[in-house]
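Going in written order, the chains are labelled A, B, C and D, and every chain counts its residues from 1.
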């Protein structure tokens, strides 16, 4: 047992910090720290290419396809530093979800065609898994892809397809064998500009659309866009999720939230002193700081494959429950720190371009937008209740 | 809608206060405020008789049988004042549970035989409902009472029979018709000194027995001890519970707990000032005070049959969930206020006879004993989980 | 003590419930939110026609002189329908400030409040203030021959861009406290910058630049202004609280219906025990909020300032806390649809957040309560 | 970073687990609680034989010089079995105070700690103190020719009636801080009043009435005593915390087994979704406690006092909070049997309460953390 960061890792952290200092601009940092959903798309694409020049764009990919070869710890350090420094959060769908799947299961042609634009950030991806009425129940998937010569004809409807409205490509779960109830599901790559695709934004509780409905109406997709053999999507999906066992903890965002809360509380006042010195506020803040720090250790344990008293398959669910609970509490505390200022609506565009004044300081825009959006984090990616079902089953065989 | 106490009720409160001032002694008050379980038995019997002389022993009984004829509000006032003043808490089983049942369903002989000693407190009662393995499921009741001439022969085993060890009488649920699965349950009065009864104390988490196992082995019970017709216990039990719709809120105890917490926090110190002035402690205390005050209004609404948006049958469960949650929090806060002193074990006898010193002030004994005991309050009388089942069913038809 | 509604109260509640049911669908509310006012002028006229704006006003101003309890019964029903018109701000908070004033100008405006012609709102919060209850007030009032000039900037003035009049707090050099002034919104020297709030209503920053008002504009002298304002805020807190309780009831209904309709793994969601238990917990919290509301209603007119303050602040804190749990879990139980703009439960959540952040949040009010000693029982 | 146990650590854990499984049944623990010591001398001898008392002691005293992590691995296993011997008080807290002292007397006692012959405990808390971390210390130490006399009353001295020695804090007139003294429990002028604690162990009030001790009894001068004591307390907090994590794991196991065995309405309790979900929440909290423990272990030897203090206090608060939830719900899920003395889960609860109240409770430690600024990330 060795619970310390190695000197090498600490040196790596310094290297990352120096790189971030050199490459980020205050405008980009402001927009990142504003925490709106979705974040600024141009910033993300720009930062994707900046990182790619350094060779740091794709820590999730194998080294031979442009990955960094970092240890999980080092990758964690990198992501934390990026977040806290205000680097744009790169889109996950390509770099962290489908990229690794293509490297593992894709054809050589697919790797050549899709990986370079993922590394450079010039092609962004949508993830088309959920369908209306299906909830968390994949077995009831209804979209179909029927082989017709060298094309699949795809029909169906997807929902909660994050950022589909401005993605070049999508990876979709479809039923290639309509006779089987549980099998016959495949993963297929679809050009989002294909005829027959309609994308409708879903306005969210915070007033902005960050997720979409996707209607697929006789969309023609080349046969070679299928990933692996037909009917093997289950295996690919499992692989995809296993790569992201710790991301649902949202630990980097949590540290960013704490930074933001402290920044606000140093400026706002209560009973004639800075809010951060108010005993009640400090108590709430400290409690959350401690829980975030403990969650970080939970993440480290998973990253390092620590021995566990409970089946490790339960740990992603454990992290998600705590992570989303903390998101609710952190974003609530941030709005509480603002007082009635929290009530002003800043849409995404307004937040990026807000007029800053003494009445409306730069730390106001985005806080409530983020709090409202984060009500979704205990729902998406398998709701809190589903996670509890999973834990009971895996950890206690109940 | 009129949300004020009437001047008459306020005058009544003053009358009660005056009576309590005149009749309670400091020794009795000390023992009551020590909140051990079970309370001092002699004090309770004595107080029962004192109240009976005043005509105030049995607010739950009809006037013609010695009741007070008070409105529910007035009865609430009386109970609150008694509790806060440190009057011994009278035992419920006779006065509030079986007493009203006998008046409603009993024979004239039963009324004559049992009500006067209940009023005077000379005969105390045990309630024999629960059985091992039955949980909250009455349908699986196993104890039997088989008619044999002019006697019932009773066999079976009861558990969680509160204070059975020092009760003269008991009322028991038994199966008089063993052929029916759901019916055939009767309520019968048994002299606890009957041959064939064995009573075994159950040591509780706080180190004292306040509840018992009762073994009934061919106990002979006169036929006339059955209440009402055979097989009508369901109706009697429903009546019994309906009389006590608000008692599970434990509102009087909650006010007593708050009084005690404040008394401790005025004497204990933190950061060089009385604990009660510490912002964090005050915050916790105030939160609980407010919730107790709100719960009191919930009780008042039920007592006054306030119109409700939800079926009123759910309200006893609503009160119990909040009441037991508050008991957990209040008794925890009381032990927190004591610091490491809370760790000393005071058994019931030690608490009554504790040596008081600067090191071990009189407010220490009983606090932790009570906290530990109160872990049971979300379990007994239908667990928190059972109450939630009930609410979902009654209020939402789910 | 009697919780039953009088016949008059029942009629009021039924009328409001019917209106909400028939006219306050989410679509029309979204349309109102998109309008310049952030609320519906059509609803507003209806409120006036129904006498709702006149409910607690004095008879002399065409009012019905009904009680705070009556108003809370009305607003609870309106809260179920997410009604967002400036009923409480104008016809309760400011109307109370006007009624309590001896000023002639005040009486005239009260009559206009009753008809809905006047919309009066409080211009009190300034930069950095977190609660109307302890705003220090830096805006200045200077005496001139025939009246006053007012200067300063007010922020988070609810309905500020649609208001016809403001009640403005401002401080005369040398005075201990601040006075409260009635000012027409179109007076020279007033500049308003409106913006939307998260619940679809609108507020404004209002800049007062040497705004001249007559002597009669002074509604309350510094000696009494803070006390009268507190009493007006107390009314607002309680009545808005009733609206939140209505919101909570609506969410219970929406959610239990949703759970019965939707299926997962081939069973209705309502059959899952964990969700049943959540609904039960939501009811327990809703009942707590309602009880806290009654506690505040019982104390609102008490002469005992400590008792009143404690009950009002307690209700504010508990209703906001319970509301946050109940409506937050209402969203959760709806799943994805719960976090969309198209569905009512998210709007209830935003209305709750507005309540939470107005007048000081739960932390503020718990602390305020804590400064008032709880009533100690007498020892025998 | 590596969380895997070394072979040595695995042996240690397995040995402790086996001992707990084979010898630490509840009945024998209840017997030990009823004895004069409040613990088992038989267990105590076994601890010595296994080298557990010598684990972190210096080699010179016959110790194994193993780490705090090793000790925490051991105590976690012992916590599962509710082991209640004075292992941590004597062989960690006081041993640390003795090891860190240059005194010759200290070295001799350390060897006796390793063999179990000496039981050394801290006599530090006085009337009204709530935390060892900020006890003001009123007891007096007065210089005499050949040493000191100590006077004062210590309370909540854990295992005080069974101890062979005390480490006593006392203050010399005129000094800024207090010194720490090693005193034989049978010295003249010492009077002990023992009492039981809720977990079945025993503590004592210890009265020092002009107790003479030699000059060599001074383990730590006022200049350094508080720092060394803090470091000893930190070790105690972390290692006892490991025991609580063990307790929590034991309760998860007990409870899930109970739910699978018992039936209600003809179905095993484990099939009820609300109970499944509770078990899941209990696991989430247990994992949080374990992570907080690792965080503290990682910081325990840090030169950065702020970081150490924050991690230790944080772990104390979170472990106690999580433990309260997990073990409290463990009781709840057991129903009636959970609140009886005859069943283990209630004993785990009482052990948790002891942890909660020792060294300062969660409120104390959250506040202590809050006084240390969190590390701020650098702005680019």
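Definition applied: a contact is a pair of C-beta atoms (placed from the backbone, for glycine too) under 8 Å apart; a residue touches a chain by one contact, two chains touch by 3 or more.
Just so we're clear, the structure is a prediction, and the values are computed from it rather than from any experiment.
Chain centre most remote from that of chain C: D (centre = mean of CA atoms).
Comparing the chain pairs A-C and A-D, the larger number of C-beta pairs in contact belongs to A-D.
Chain B and chain D, compared by their mean Cα positions, are separated by 38 Å. With each centre defined as the average position of its C-alpha atoms, the distance from chain A to chain B rounds to 53 Å.
In chain D, the residues that touch at least two other chains are 272-277, 366-367. Multi-chain contact residues of chain B (touching two or more other chains): 279-280, 283, 385, 388.
The touching residues of chain A, counted against chain B in their complex, run 279-280, 283. Interface of chain B with chain C (complex): residues 1-6, 9, 17, 20-21, 24, 29, 73, 81, 84-86, 255, 258-259, 262, 279, 282-283, 285-287, 289-291, 293-298, 300-301, 304-307, 309-310, 314-315, 317-318, 321-322, 385, 387-389, 391-393, 395-396, 398. Against chain B, in their complex, chain D makes its touches with residues 125, 127-131, 153, 155-156, 195-199, 203, 205, 264-265, 272, 274-275, 324, 328, 331-332, 335-336, 338-342, 346, 349-350, 353-354, 357-358, 361, 363-364, 366-367. Contacts from chain D toward chain A in the complex involve residues 1-6, 9, 69, 73, 249, 252, 256, 259-260, 270-271, 273, 275-277, 279-281, 283-284, 287-292, 294-295, 297-298, 311, 314, 317-318, 366-367, 369-370, 374, 376-380. Considering their complex, residues 272-274, 276-277 of chain D touch chain C.
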